[in-house]
Structure formats: C-alpha cells, structure tokens
Amino acid sequence: MKIGIYLCTCEGEIEKVIDIDSLVKEASGWSGITDVHKDAFLCSEDGIRKIRKDVESSGLERVLIAACSPFFKMEEFSDLGLNKYLVERVNIREQCSRAHRNDPENATKKTKAMLRIFLEKAKYSQPLQPLQLPSLRSALVIGGGVAGINASIDIAETGNEVFLIEKNPFLGGKVAGFHKYFPRMCPPSCGLELMFSKIKSNPNVHVLTSSEIDTISGSPCNFEIFIKTSPRHIDMDKCVLCGKCLEVCPHNAIVYPEGFSYPCIPAINKGLCAVDCNKCVAVCPVDAIDLDEEGKATNIKVGAIVLATGWEPFDPTPLAEFGYGRLENVVTNIEFEKISKEKKISFEEPKKVAFIQCVGSRDERHLPYCSDVCCMVSIKQALFLKEVNPDNEVYIFYNDIRTPGEYEELYQKARRRGTIFIKGIPSELKQDEPQKINFSVFDTVAGKRLDITTDMVVLATGIKPSQGTIDLKEKIGIVLNKNNFVESHIQCYPQDTQRNAVFSAGCCRAPMDVSRSIESAGAAAIKTLQFFNNCTEITPDNPAVNILKCDVCKRCIEECPFKAYSFDEKGFPKSDIMKCRRCGVCMGGCPLAAISLGGLSIEQLSVMLDVFDRSYLGEDEPLILGFLCKNDAYRAVDDAALKGITYPPNFFGIMVPCAGAVNGAIIAKAISTGIDGVLIAGCPDNQCHYIHGSTLAKARLTDISNKLKEMYLEPERVRFISIGRDDPEKFADSIEEYVEELKKMGRNPLRL
Amino acid sequence: MRYAFYLGCATPVKALKYEISTRNLAKILGIELVDIPEFSCCGFPVKSMDSFAALLMAARNLAIAEEKGMDIIGVCTGCMAILSEAKEYLEDEKLRDKVNEKLKAIGAKEYTGRVKVKHFARFLYEDYRLDRIRDKIVTPLASLEFGIHYGCHYMKPTHAHGHFDDPSNPFTIDGLINITGAKTINYPNKNLCCGLTIMGTAEDISFRLAAEKLEYLSSRGVDAMVVACPSCCIAYENNQKLVGKRVGKEFNLPVLYFTQVIGLAMGLSEKDLGFEFNRIKADKITEKFK
Amino acid sequence: MPPYVVKDKCDGCKGKEEPLCEQICIGDLMTLDMNTGKAYCRSLRDCWDCMSCTKICPKGAIEQRIPYQLGYHGAKLIPMMGTDSITWTCVDINGKVERFTYRTRNKK
Amino acid sequence: MYNEFFDREKLKYCYQCGKCSSGCDINRIDVSFQPHRLLHLISIGAADNLMEDAGLWKCTTCFTCSERCPQGIKVTEILWIARTIAVKAGHIPELLITQKDILLRTGRLIPMDNKKRGKAGLTAIQEESSVVARIFEIVEKEK
C-alpha cells in the first residue's frame, strides 16, 4: 500500500514546539510509507497542488495530513484527487503543538505516537461513494388549518406536488370559526378565501378532506402513505347548495359549509342519521345524495411530510372553582368568539364583562406552559366590547400580561379605551342571583380585596396539542415533548422534527398565533424544498452491520435515537440511509461489536489500539485515551488550544460522532492492553445532539466500571465527563485531575 | 366488615351524640367498628409545634391499625386529613425508613403503607354504597331541608384524600342525605370554613366566619345544619349563642350530625341517636318522625 | 456452579424475545422471564460452566463462580471481552488475584 | 427536621398571581392576612418579622389556597412550617402552651371525661399518657 504523510509546520508555528524533521526521518522508516513530506503551508494552493501531484504520479492510496484540527480547512483538503474517506487528518496543531507548548519534548513524542496510530487507521479505511437517491418531489401536508394550507400553497407554488389531508369535511381549521384575527382585526374569511382560491387554481395541490392517515411506510425521499377517506354522501359535482337537505334533516346530521368554506359542499355525518330516514335523499333536487356511499382508501407516494396537526382548546371543567358548565354566563374565549361573531348576545346594552387569564395555562396540573395567545385574545375581545359600546365595562384579571413585540400597541390601546387591568386571579366564581356572576379577588398591586359582580365571565383558556398529533406519534415515529408538542431543536432547527424529512408547521410544535403559524408554515415549506434539493447526493457513511457477527439481539433497533433500523430481507438489522443521522449510537451499543460507521469502524479503532505505544512518555507516566464527541468535547479541546490552555500530554484524544458511539469492547481492549484510563467526553446533560447518546454512554461506562471492580481493578479507570463546547477550562482541569488520580492509582497492572 | 374505629380527641368528650349515633348506625348497617385503646391523638395540634413529631404520632396510629390488620374508619375530618396526609408523606421510602426507626424506639410496630384511612361518610358513600343504604330506609324524611357543612378537612387536601370529592362543589354527603328523602340546598358559602381551629388565636375572625354561615342558613330557613366533624359542630352549635352575641343576633339553628339524620330515616330512636345531647333542640324534626 | 444473573444489571437485551445469553448457551439453559423481563437459568444442574453467557452479556450481569473441582468455593473467574482479546481475572480462595490477557480468534 | 417537609424548591415556583389570597376567607375578613405575601417574603428571605407576626396564627388551615394554586404549591403546608419556625424562635401563642401541656399529660388534646361517658352509656376510654411525651422526647433528642 502506498501511503503519503504530509506534515505541516503551519508557517513555523508547529515547528516551534515539535521537532518535525526528526519525525520526518523516523516516519520514512515505517513500513508502507512511500513519501514523508514537510511543508510550511500545506493548505495553500501550492501545498494542495503538491499533494494532488503526488497522488497522481506516485499513485498514493492513502494520505495522512498532519496539521490543524479537521474542523479547519475542510474544503481545501476534501478534494486531493483521492476518495475523501481515504484522507486521514491528524490534529497535531491543536492537540500537540498548541496544547503542550511548554513541553516540546513530550509534544514531539505524542505527535509520533499519534502519527503511528492514525497511519494504522488509514490503512484500514475504505473508499466510499456518495449515493444518488433523488427524492420524490411531492409532499404530504397533514392538517388543513391555516398552517397546513399555507405550507401546501408554498410548496405547490414552487412547482412541487402536494397532498393536503384534513380529517374534517372542510379546510380552515379552528380559525375559520373565529370572529376576527389580531393584530389587524380582519375576519378570517378574508384571508382564507384568498388561500382557498390559490388552492383551487393550483393543479399541484390535491385536497383530501374527511381523510386520515392509515399507515406510513417507506423512508425519507420515498414514503408510501395509505389514506382512509370517510364518505361525504354528497356528490361534489352535482350539489347546487340549495340548502334543502339542511332544512329537512331531523337529526342535525348535515354539516353545512359556511359561505367561504372549501370545499363548499355539505357533508352528511351518518353517525347521527336514523335508519331509513332518507328525508334528505327525497328532497334533493339534483339527486346528489348517496347515503350508501362507502369510504375510500388512497395510496400516495411522497418525498417528505409536513405536520400541521394544530391544537385543541383546553377544557376548563376540571378547574371546578370557575364553575364552567355549572354557572350561567361563564364562557371560554373560544365560545366568546362565536358569541361575538354570531351576535348571540348583544353588547349594545352596556354590560360588565370580566376576563380571567391563565385558566389552565401556566398551571402545573393542566398546561404547564404559557399558551402564548390568550393575553392577545382577551385584549382583542376587550377591544371588540369597547367598540360595540364604549360603556361596556371590561375587566381583565391577569398574572402577567404578555404582549411581545408590537403587540404592545394593542395592549396600550385596550388600556386607553378604558379596559381595567387587575393583577390578581379570582379564586372562586359564584352566582348569587341569576345571570350575574360575583366573585372576590385580591388585587396584589393595590394590596386590596375587590368584590365584583359581572354579567359575564370569559375564561381565557389556552392551547393544548391536538389528539391528531398524539395519534400520529406512533405512525410516523416522531418524538413529542413532555407536553405532547412536537419535539425539535428549538433554537437552530425549529421546523425539523427528530425524524428526517418530517417537518412541523403551526401549533403542533408550540402554541402560536395566526401570524406565527403562517410564518412557521413558510419555514416548513422551505425546509421541504431544501430536502428535495439536497438529497440528490447522500453521504454513504451510515453504519453497516457485519452479518457474520450479528446475533440479531435487536439492541440497535431499540437504542437508535431516530428509529432508523429495520430488518433486511435476510432478517438482519439494517439502518435506513435516509433516516440515519450517523451518530453511531448503534455502533457503541452492539454487544458483539458488529456495527461500524462508514468513516470509523470497530476494526480501525481496534488496530489503532494495537499499534499504540503505551510508553511514549515513559514507563511510569499514566496514559489516558479519550473519546471526544464531535459536537462538543472535540470542539472544546480545539478551543483550549486556541485560548492557550495547556494540559498534560498524557491525554490522547480520538474524535467520535457521539459519546454513545464508543463500544464497550473497545474500552475493554484498551484497559486490558494496558491503557491506564479511558475517558469519554460527551455533551452536557440534555444537550446531546442525538437525543440520548450521552445518557447511553454513561450507562455503558457504569457497566464497565462495575466489571473493573469485580476484577479488583480501580473502577475509576473509566470515566465520563460532560464538556460544553465553550468550556475548555473544565476540560483541561478534568484532565489534570485525572492524571493526578491515575498517578495515585499507579500503573495499570495489565500493562505489559 | 371490621374496621378500626378512630374516635380522635374531641368526639368521645365533646360529641357524644356523634359517637352514639355512629355506633348505632354502624350496628344496623352491619359494620363492625372495633375500638382500639392504643390510639392516641392524630398529631394535628402538634403540627404547629413540630412537623416531624406530628408525623410520628400519625404514623404510630397507622402502624397500630396495620398491626391489627384493619383499615381505619374515623368520624373527625381533621384526624382523617392528618392521617391521610401522613400516609402520603410516608409513600417516600426514605422518610418511611426514618419514621420506622423512631417508631421502633418508642416501642411501636413498623408501618409499611398498607392501611387505608376513610371518614365514615366517605366510607358509606364509596364502599357501603348508596343503594344498600336506601334499602334500609324506613321513614323517608321527605319534608325536611338541610344545609350541609362538609368541613374543610373532609376532602382537602384532595391529593391526600385521593380526590374523592370536589372541594369546589362537594357532593358525597349531599348524596347520603338525599338518599333519606330529605332535600339539601346548594348555598353560596357552602365551602366556608367553620373557623374553630383559630378560636384560641384569633377569636374574632373565628366567630365571624361561623356567624356568616349561621346567618345565611337561618335566613334560608333550613330545618337544620348537617355536619360531619365534631370541631365544626362545636363552632356552630356549642358556640352558637356566643357567636350570636358577637354579631348582635339570636340564632336558633339546630346542628345535626349526618349519622343522626340517616339514623332517623332508618327508624332509630331519639335516644339511640343521642338527640338528648343536642344543645339546640331539634324537637321540630324529631316530633315529625316519631 | 451455575450462572447467577444480577437482576439490577440485566436489561433482558431490550429486544424482549431472545436475549444474547439464550442464543449463545449451548445447553439452551438461559431464557427470559417474561414477567420480569430478566434472564435466568432454567436448569441450574445442567450447566457446564462454559461461561459463554458471562462473556457475551453486554451488561456484565452474569456472574459465575469456579466449580469446586477447579478452585474451591469462593474462587471466581471473570472474563472481559475486547474486540479481539479476552482478559481473565482469577480470584482464588485466598483472594489472590491473577489476570491473563489472550488474543482471541475473533476478527477485529 | 422541618426541611423534609419544607418544599423550598417549590416555593420558588410562586409567580404571585394572588389566587391564594383571592380565595382566602380569612383575607376577606382581615385583609392583613395575605398568603401570597407570606410566600413572597419567605422566598426572598425577608420573613424575620413574619415569625413574630400574629397573622401566622390566623390561618384556619382550610387548604383552599393549596387546592387552587396553579403552581401546585402546598401553601397551607408552608404556613404550618412557618409556624414551627416561629415556635422554635419562641413566639408561641398561649393556647399552644396549654395544648402541649395537656397532650404531654394525657396523650390527647381534650382530657377524657369517663364519668360523662358512663352516664351516656358509653364505655370508658383510658388515656394513653406516655406516648406523646415519648415522641417529643425522641424529637428533642434528635436536635
């Protein structure tokens, strides 16, 4: 095998500490080395050109770049005329010359040991070819509320096919029933009508109402979805919307559309029908009703899925002290929308109305979160009351009024129009005389108790995740958070769920108002388009199962954070290249060490340990082998070098994608071949990029530590630490501490 | 049906009619209430002095019932709340171990958490069940109307009591009284506290609390107030004259225990129900059903 | 001396069907208790002390004492499996500890 | 000892909505008694005066505040603990001294009157005098 080693002096910086020339001399003598080259500026155009020329002329099969951290100059070293998986980066700048700047002798020794093991690793690397796996350019949008409709329009108008499914007979969701939207106070019909006309005119959108997901199979880029559609019992083409069926139906079974609904055709809820009633069939002038119509099953294929399963209003009945359902004129804010829209109660005669905020929200026993919209909703409704008649007396009882950003303007407006805001929540509502509600409240600002009698109390109930979201949890395999909203990396990738090619829009992710729902729908649509474009080329480094070793214990299937594993045709586990996120948690957990990641196999780690010079610092110096998680710990170690923090050269770090990727057999081999301490450094608690990688790593280390105890070895020889990427000090301190401890423990008795 | 009968401190001295009527009612319902002489104070008064001592006292009583192999039925809502709360605290194993260690030191048995604690009214509603009581009614009390005072500790704290009744809109004792044919009213200050616990420290507030309910029920003209706790009865009956004097009114509202009302409907005699000990005579009621 | 499963450590191999010890046992003695989800040896006297289950257990949950013919009561033999190595720890009846590391024929 | 009961962590959850005071009947009669204020003062560590405050002894422990607290804070329980702290600091109401005395003497809050019971046809009950005394002894020793 022809191997070239390129040592960079980083314009003399590395050479200031490390004796590069002696290393060049030494390495030239190693077997299989074709060329060892020293360069002052390897990442320069000249440097790259030199490597490319060598690869071409001498036919190098592996290239070792001993220079800076692999997180620098990724672009420059990615195309050397050699498959990029055959190029090995050895981080001698951050981990040797900078980290041990005060100890040149040992830094050189460590560099040599490092070169030796990464050389061995390179010998066992495999070339990998990127896969071409174009996605179907079609998406499924689940939920026909304002978020789902907007996501569909955005995806369709960029030329992709969209299937929009909705479990109710009409699109529009909850907002269709509202009186007005804030902050501009326009009626929902206005916005929805425009959206419906866009849907109608766009051939890319396929709307399936009265439909629900039956099953989902396949994987990202190519999902296969079975949809169940319940019968509408009314022929969409024939119906002329005369309304006669509605008039004759004795059972309230006709679901009649509002003026702007889509599709604007009634539906019959056969569950409410009486057998052999048939009154509607008889009266229909165009013969559009077919009560025997059966449900349909549809089968579609899509590349990506957008969840827009929305929300449900919180039911305040469990808060019995507010007497909802027991006292007259105690209504929820949703009911108040209806009252104001349909003018069921006239507010032209001045009335006294009290709003109670945070009913159910910010309540440990019900909705522990802030429902985001209720403050604005109550302010909107207060403004409505003041608009109908300025003499309406409006009270808002609140914990904290939350009107972020420009919504503050409406809050100010409500105050100026004479809404009375009182900080204090009433504890019990009573009805001393009919139609009146009286209660007493402690005004915590005034330090006084107020006794109040009103004509109506509106409970500002909050937003709770819809049952639809929960039902889909198993079908799609999405992860929900403790409140049953869709879990996501809320800061950086809010629209991504924890499954590839499944995105979320609107209230299924968190409580939000109409404008933010539409925003998030746009973001989800963009993510979908990005996915369509990006997945034409897929990195092939997903884990592979060695079926000669695999015993089908199914641990990988259980532990995979992304549920990427299923059985192949031979009955062995296989990771789905599209669902997998390359964390290696399966590789770390396999009891038979049968799983290897594309760029870092068990075999490579094993041979690295074979050639590792255990006494590179001398016989009595303890040796720590560290596995550093890519997202946090490795960055922190790089950061230490940058900030000039030093640590003992006894530590030796290898990058792994996640702390959970380190297999127990590797640790066992390390300990049993004389390494004094094994350290796994992962993300701080609950910040693991792969959900439970560091938790699993901790549990596995505990098992090994127990085993060491049984073997009468010190259980502290293996250890887990959490390092944030911005916490290099903690890293350096723990290494120093660990070296001291190991010195006290003495040499690993298994070292030969 | 054998149960450890937890009388508490107030009932056997201050509420003899409650004890007599409960024992006789239990007899005709076929419930055996076993007296346990070892029971001590539940710990309620100690809770203001030392929480751990209070917990130990409650745990000791629970351990005694457990040793005898019987669940506890009590008549004082305060005692039941304290024992139920202690049960909830002692679900924590660490605390339980610690308490058991101390129990051992005073020569009591270990508490493991098996024993159940129920107020007699809750027991009748939940376990004995209304239909079985209905079968035993001989003289329906159709013409009577009562205002029920539950007593705060009867169902609160709800987590300790297992959420068996709704504190904002209680219904269990109403159910028991309605089964006798008598009417019960829903009134605005139904959930008001009797105030007895602060009689010694804030007498004025205590009396004003009691007065509010007495005033309302008197004005509504109910036949009597029905209670389920000796303390509440002391606040409303024993103190009725004092309370009246404080607010410048004269009350004459009979206060009955729920056991007396149910017993009356089951044909028990006035003597068996301890009516002689009623300070505000309920002759109007008893005469009707002689 | 038959294998002893440490209940706290055993996780039933998560798959809930056939744990690794059941697959590896040549005598078909190890199996899963469906009620507890933990492995156990269903016929203690048939065990040959081959220690396959001890070696393969990913949680280190199976303990084995050396049969009396070899080391008398109290003596212990603990294996630790690396990728291509095994380390045996022997503890004899006097508490003397010896360790041996061997290469195995496992592919790396 | 009270630390085991005193859910200090939970206390920090209070966001001063005032629902406890709104529903408190004592507050209705005597506005100086404000549970939400008590929680606030304890949580910011300014409760020194409170321990001397007679307001502490106005609560009937009716649990309404605990039931309705949206943050699930056991307000009554906290008040009870505050009382024990006040007692330790020596602010003991007359009544409590008497009650403790009777408890230590008889094991009951109200001394038994077996003569009265006999007249009513009820069996006599013996006082378990030593139990409470022993419990207090053990708890004192612990300190």
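Lettered A, B, C and D in written order, each chain numbered from 1.
Assume a residue touches a chain if its C-beta (ideal position, glycine included) is under 8 Å from a C-beta of that chain, and two chains touch if they have at least 3 such contacts.
Because the structure is predicted, anything quoted here is derived from the model rather than measured.
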- So which has more C-beta pairs touching, A-B or A-C? A-C
- Task: Let me have the rounded angstrom distance from the C-alpha centre of chain B over to the C-alpha centre of chain C, please.
- Result: 61
- Query: CA centre of chain A versus CA centre of chain B: separation in Å?
  - Reply: 54
- Message: I'd like to verify one number: the distance from the centre of chain A to the centre of chain C, where each centre is the average of its C-alpha atoms, in whole angstrom.
- Response: 40
- Query: Taking each residue of chain B in turn, which ones touch at least two of the other chains?
  - Reply: 167, 191
- Check each residue of chain D and list the ones that touch at least two other chains. 64
- Task: Quick one: which residues in chain A touch 2 or more of the other chains?
- Result: 321, 428
- Item | Pairs of chains in contact (touch as defined earlier), listed by label | A-B, A-C, A-D, B-D
- Can you list the residues on chain A that touch chain D in the complex? 321, 358, 362-365, 399-400, 423-428, 439-444, 447-449
- Query: In the complex formed with chain D, which residues of chain B make contact?
  - Reply: 7, 9-10, 12-14, 16, 19-20, 35, 37-41, 44-53, 56-57, 60, 89, 95, 102, 105-106, 152-153, 156-158, 167, 191-198, 200-202, 205-206, 208-209, 274, 277
- Task: Note which residues of chain A are touching chain C in the complex, please.
- Result: 548-549, 551, 553-555, 557-559, 589, 591-593, 602-603, 605-607, 663-666, 668-673, 703-704, 706-707, 710-712, 749-750
- chain A contact footprint on chain B (complex, rising order): 166-169, 188, 191
- Residues of chain D touching chain B in their complex? 1-2, 4-5, 25-26, 29-30, 54, 57-64, 66-67, 74, 76, 80-81, 83-84, 87, 93-96, 99-100, 103, 107-113, 116-117, 120-123, 125-126, 128, 131-132, 134-136, 138-139, 142
